[in-house]
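First the structure, in the form of structure tokens, and then the observations on it.
Chain nomenclature is as follows: A, B, C, D, E and F, assigned in order of appearance, with residue numbering initiated at 1 for each chain independently.
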Amino acid sequence: MNKGMQKYLDKAEVLIEALPYIQRFNRKIIVVKYGGSAMVDEDLKEQVIKDVTLLKLVGFKPIIVHGGGKEISRWVGKVGMEPEFVNGLRVTDEATMELAEMVLGKVNKSLVQLVESLGVRAIGISGKDGGLLTVDKKLADGEDIGFVGEIKKVNADILYDLLEKDFLPIICPVGLDDSFNTYNINADDAACAIARAMRAEKLAFLTDIEGVYKDPHDPETLISELKVSEARNLMNEGYIGGGMLPKLHNCIDAIEHGVSRVHILDGRIPHCLLLEIFTNRGIGTAILNDSEERYFYGE
Amino acid sequence: MNKGMQKYLDKAEVLIEALPYIQRFNRKIIVVKYGGSAMVDEDLKEQVIKDVTLLKLVGFKPIIVHGGGKEISRWVGKVGMEPEFVNGLRVTDEATMELAEMVLGKVNKSLVQLVESLGVRAIGISGKDGGLLTVDKKLADGEDIGFVGEIKKVNADILYDLLEKDFLPIICPVGLDDSFNTYNINADDAACAIARAMRAEKLAFLTDIEGVYKDPHDPETLISELKVSEARNLMNEGYIGGGMLPKLHNCIDAIEHGVSRVHILDGRIPHCLLLEIFTNRGIGTAILNDSEERYFYGE
Amino acid sequence: MNKGMQKYLDKAEVLIEALPYIQRFNRKIIVVKYGGSAMVDEDLKEQVIKDVTLLKLVGFKPIIVHGGGKEISRWVGKVGMEPEFVNGLRVTDEATMELAEMVLGKVNKSLVQLVESLGVRAIGISGKDGGLLTVDKKLADGEDIGFVGEIKKVNADILYDLLEKDFLPIICPVGLDDSFNTYNINADDAACAIARAMRAEKLAFLTDIEGVYKDPHDPETLISELKVSEARNLMNEGYIGGGMLPKLHNCIDAIEHGVSRVHILDGRIPHCLLLEIFTNRGIGTAILNDSEERYFYGE
Amino acid sequence: MNKGMQKYLDKAEVLIEALPYIQRFNRKIIVVKYGGSAMVDEDLKEQVIKDVTLLKLVGFKPIIVHGGGKEISRWVGKVGMEPEFVNGLRVTDEATMELAEMVLGKVNKSLVQLVESLGVRAIGISGKDGGLLTVDKKLADGEDIGFVGEIKKVNADILYDLLEKDFLPIICPVGLDDSFNTYNINADDAACAIARAMRAEKLAFLTDIEGVYKDPHDPETLISELKVSEARNLMNEGYIGGGMLPKLHNCIDAIEHGVSRVHILDGRIPHCLLLEIFTNRGIGTAILNDSEERYFYGE
Amino acid sequence: MNKGMQKYLDKAEVLIEALPYIQRFNRKIIVVKYGGSAMVDEDLKEQVIKDVTLLKLVGFKPIIVHGGGKEISRWVGKVGMEPEFVNGLRVTDEATMELAEMVLGKVNKSLVQLVESLGVRAIGISGKDGGLLTVDKKLADGEDIGFVGEIKKVNADILYDLLEKDFLPIICPVGLDDSFNTYNINADDAACAIARAMRAEKLAFLTDIEGVYKDPHDPETLISELKVSEARNLMNEGYIGGGMLPKLHNCIDAIEHGVSRVHILDGRIPHCLLLEIFTNRGIGTAILNDSEERYFYGE
Amino acid sequence: MNKGMQKYLDKAEVLIEALPYIQRFNRKIIVVKYGGSAMVDEDLKEQVIKDVTLLKLVGFKPIIVHGGGKEISRWVGKVGMEPEFVNGLRVTDEATMELAEMVLGKVNKSLVQLVESLGVRAIGISGKDGGLLTVDKKLADGEDIGFVGEIKKVNADILYDLLEKDFLPIICPVGLDDSFNTYNINADDAACAIARAMRAEKLAFLTDIEGVYKDPHDPETLISELKVSEARNLMNEGYIGGGMLPKLHNCIDAIEHGVSRVHILDGRIPHCLLLEIFTNRGIGTAILNDSEERYFYGE
């Protein structure tokens, strides 16, 4: 057999290897929190969207939750708005909220556009549509920092209805309180709440780190699998700090409310989502129940 | 019977009078082009949304198509963008398009918010979602004026699916061309194309004029009912000018593609939609087929 | 604005005010026991039917249960039948039952006719159709008074099937015993049993009195709202007498089996049903659970 | 094998012989015009209803259309009404119509009762329910003879909906004109119009004669099978007279509008319906298209 | 009435007598274990299949489970295979299993063919299709006797799906173990497991005996009805021997897991299935719960 | 990036490359004629089944039609049957047909087994089940060669029903004539008739040749794409001979009855199905309409 042919056979083998993974996640809901570098770099952006679109096409039910990333800051500057602070915390006043919603809406439709260009039915909504996300005001150490919301209710029916009509839902984290005021929501929190409400099979966070480290200064201490109890210990013992702390809290919360597995992935690695789902190579850190076994399909 | 009681009986009578109208439009699609003053004045805004919400609740299937009105201009100024012109026509360059989409998105979600606050399921989408609106570049007298689109395809399935799931769709007129670039679309054109594609029962334009006049300088010449052939004559004889000309073209186009009736309503009159639909008082100008009779349900 | 216009705006306002009520009862089942003067006076008859038809059109699921009222007595006379009595109680012998069924059937179809003339799909059935009502013989103080039945089973599926096919069911209170003999049923009992079996949102009795009085001789003592425990007290203390006693028993029975609210309305007031449902003016007496709050939607 | 056993084996054989017939009419609509002696004699009545119930249970979709027969005349006498005549034709004035509707309603429910007692879901309706039958006034030689209607529209959806919900519909021939007045309809006409509107497989008239004769005075001339063209010839040549003439017109009309076969059966023969459908013994006269072959399943 | 006519009337009477039985088993699942002489004699074969087809056509949901009977032995001889034995038990080695599956497949399709020739939709499957039957290896007194399986899981969804699509499923008792090896299954066991999994109304074994005897040597001791506790006693007291022992175990197992009634029928009696179901003549032995009454519909 | 990682990224790329192909064939029916070496070699067999299973899992609707290949000849020998010939053609007498059906049944279930072991719902049927394939006797040059059938009717509903219930149908080419006798059918003919009846998107023949050659003796003359008119010319000019002639006739027949594309694939190449569908490398010969363009998705 000539070499050109061999190349194709190798490709066929890769597809065949995907069989058990495709089967395992057939019709399962996978919530992807999309953010960080993967939103800024155009190549990474395209790769992430292609990954999610592939998941949709082979029979999974992915849902994207995205943030606005650096784009909001860029526009705050562009418009010449002056940030306000309370006790050192940035305040989301009405004008900031208005601008943030505009930027998030723009990002939302740009993702819709990408998915549609790949031939898959996307719909971009915010937590306002169909009353998807209802919030309470979130205080920072007891201080009012404006229109920052804490999710108190997810109207999961909206998403079930859209999935039933074969849409790939793309959600920006804006919601309403009981008086129908607009609030900004942390995208990690939104992804976690939605995964919980839909009892998703997986919740994957695309981040700008490789995963959870025992010692953040030593790349050799990357943890590829973390049971909930181990995660709690790490936090209690002070190993976890910075932005990872609330993220881990979210992970544990999701696991404890029916999500089977949460992944902290390095969004800077191309196709990190596919690698995690379709190969036995662990990417980043997987958080799982104490009682669960890691699943392998042989190497 | 005392006077307090009489007030209530009068109310009951009004509801009873609505019976034949509710019946006539049960499960019928009504496309409302929402724009002009009714988008600026907060009271009018609330009234329009209440009207449409009522239509939804009593069994109609309304769809809102909105423009961005003066809000886009306001933001162009705020951001400090310099408008560009070709042959005296304003050009929609990439930056303008980006800003316009952001503003339209904001307006879109504010309408969603209002409908949701009235307890009805709304979903705000643009022509990008589900590939609803596909466009070609629109030239102005042969000149390229940037990202201004002419609709060439409406994916009506998207709206049928959302109506089936009991959403009130609210649409902002942005679409994609075959290469998935973003284009601005005239909201009147979008409303007309959607009404055609769904063979709506009614298409109503909320405008800032009372209707079509034979002599625009003489308010006494307001035409309350216009057959298609009469409309054509008026246009040919030069009676119609300005912004009314393309609007009338849209009206005729809609009628000729299966929409039963098109209305040019004065959006400055509170509840003009309800008045048109639920009473025998003609508001504005109705355009209809030459072969049709105006329907009345008695005084 | 001229005065003619104001009249129409007022009408629009009334419709808008109905919004929250329409929402609250959307797809809810409302059983209306129709009887008394409202069945004799042609104007009242038309108003009641218009009210119920409107409820149907705006999305509720009304069911009418009617009696035969004075029409049965009229025909007994016409045919020259001699009433028979046992211990002073009128006996429903076979001949009387046959005639009663004929008269009830006639009344039933005349209501169907009225609803159909308003453009709504009605179906007139008796408790025989689909085995809707199965009865046991009802004794009066241990005496056999003929074919008078006590409901022991409601086949609710029949009504769910008809509602699903968008019919407005109109039911006359005739049923079968286990040996398939025909029995007359008290219309109040039938309405109550049906409301219970379908866990209706509301059960409304159209009567010829204003409601429940603490002192029947003093119109000022009309009770507009009665908790179940209060109703029990009134009965125990002997305040309630005559035909109201079994009616109140029915009301309490319905409430205790899942009906949210029972109303004793004055059928002589035009549109009393609409007034009760669409305005905050209490008409007649509402019976409700001890734990419930009366709902208001502002003045 | 003993004799007792043989009896059972013979029974099994009969059931097995029914196989091809059950198959042929599976899910087919069969309209039965029920009238004549079979409505008066209690034994025959029970047999007819058992036959139709069996057809329902083995998978057919029978619909019964019945008249009021001699019962109406009996009640006219009982009530002491004076018949009125115009040009020798009996007039159905308002009082007669009212009484006829009552009697037909009673008969209707008595049939419902019988079917229900056999464990099958029946629903008794008139042409008023759901607007099933719309009529025009029928003139007799240009003379107004009161509320006698000619069917101009059958709302077949009503029956499809009831069949879908597994009801056996039992219909009495009363309808409404466009102004919602009540009219009596000839039961043969009603059965024929309904069979046409539903493109029934079969339409069977239960009559008091053996079938169509070439010479009514010679029982040997009974015609067991009549092509449409032959029927026309017989009529043109004056062989057919009396009540058979309109009946044959109805038969031809039904055949020409899609009913596969019409049968004139002798309702005085017990189980004539079953015999016609489940055996190869021709009962009465079958009317069929010129192009069709009579179907047999062997002896 | 002449004698020819009487013959037909008698037939009609037989059909009418079937009414209550048809009603009772409407849409009920009936599992028929088909084997013994009834599979060898061509006449009996045709009668059994006609019986089952009739059950299907009149609205029951029969499922056939068959063995291969003497046909397997015939082919083992034909191919010249040498049977192997372990401890006196015949071993199903791979070659035997291959041949057995081929023969069972042939028998399966011949039954499909018969049912199809009667105009009913049949589908012939084995326990492999859709993973219907999963087995463990069955040991005989601790000895490995080859590919003989014991059912550990029935995938009832497969049969529900086929019944929903109106197929009459015909099943041959071959299954797979967890490693997807092929196993032979005792047909009685398969029928019992399937009846349990589907909570069948009836499970009928066609055998070559008249039923269960108290004294196998005395035909007068045939037991027509056996409560579960009585069956247990008979077994404990040693009255039951040979092939009847495991069959009775199966019967009791089925009854205790939700099957309403199990019948041991004499497949050598023509139409024994119809006789059991459609007449009040008891055929063979019925096994039922201690708490149940035998049902009769009069003589 | 280390080399281990690169391997995984390459795999992800292959999956991503499959995107447009997965999309193109989503929910499309693909009929695979499975035969030749790919049925004999166990490795190839597993590869083919994995390919088809993957097609099922990523959303296509594959249907397998298989022959019995050399297995039938092997069993004819094993049983010691003497082949009979008419004019040099092998005759399928009753005994041969019986054996052939048994062998085909065995092959059928072995394929079911393989698919089930990959976790996909398979169902193995023959043309007898549900009356899928009805045949006439096929004569060879006017001579009767026994039970060899020519398909005259495909009951496509059977397959639609099984696809709707998510089965992967595996079909062996045996059918019934109008008298319900069993016939053998050429597997190529069966695959072609089924593809036609279901208007399949693709029909793929797995063969033991590389494709169609202009000069069978010169491997350089392999034709990768053949328009229908070109195929006709090749046949007319005598370039095509042997077994390829009827196959090409089948191909053309399929194309002309609505199948979009037919492929003659070399079943000896591992994963030839995946290679054809998921890569732009043409495998074997594609036959297509004159008016169609070959589709490419870039290199």
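Assume a contact is a pair of C-beta atoms (placed from the backbone, for glycine too) under 8 Å apart; a residue touches a chain by one contact, two chains touch by 3 or more.
Not measured: the values here are computed from a predicted model.
Colleague: Fewest touch steps from chain C to chain F?
Modeller: 3
Colleague: If you match contact pairs by residue number, which of C-D, A-B or B-C shares over half of them with A-F?
Modeller: That interface is repeated by B-C.
Colleague: For chain B versus chain F, what separation do you get between their C-alpha means, in angstrom?
Modeller: 55
Colleague: Return the distance between the CA-based centres of chain E and chain F, expressed in whole Å.
Modeller: Result: the chain centres lie 37 Å from each other.
Colleague: Where does chain B touch two or more other chains at once, residue-wise?
Modeller: Chain B, residues with two or more chain partners: not present.
Colleague: Chain adjacency by touch: line, ring, star, complete or other shape?
Modeller: Shape of the chain contacts: a ring, since each chain touches exactly two and the loop closes.
Colleague: In their shared complex, at which residues does chain C touch chain B?
Modeller: Within the complex, chain C touches chain B at residues 4-5, 8-20, 22-23, 26, 47, 50-51, 53-54, 57-59, 118-120, 269-271, 274-275, 278-279, 281.
Colleague: Name, in rising order, each residue of chain C that touches chain D in their complex.
Modeller: The contact residues of chain C facing chain D are 78-79, 98, 101-103, 105-106, 108-109, 112-113, 116-117, 121-126, 128-131, 158, 161-162, 164-165, 167, 174, 176, 180, 182.
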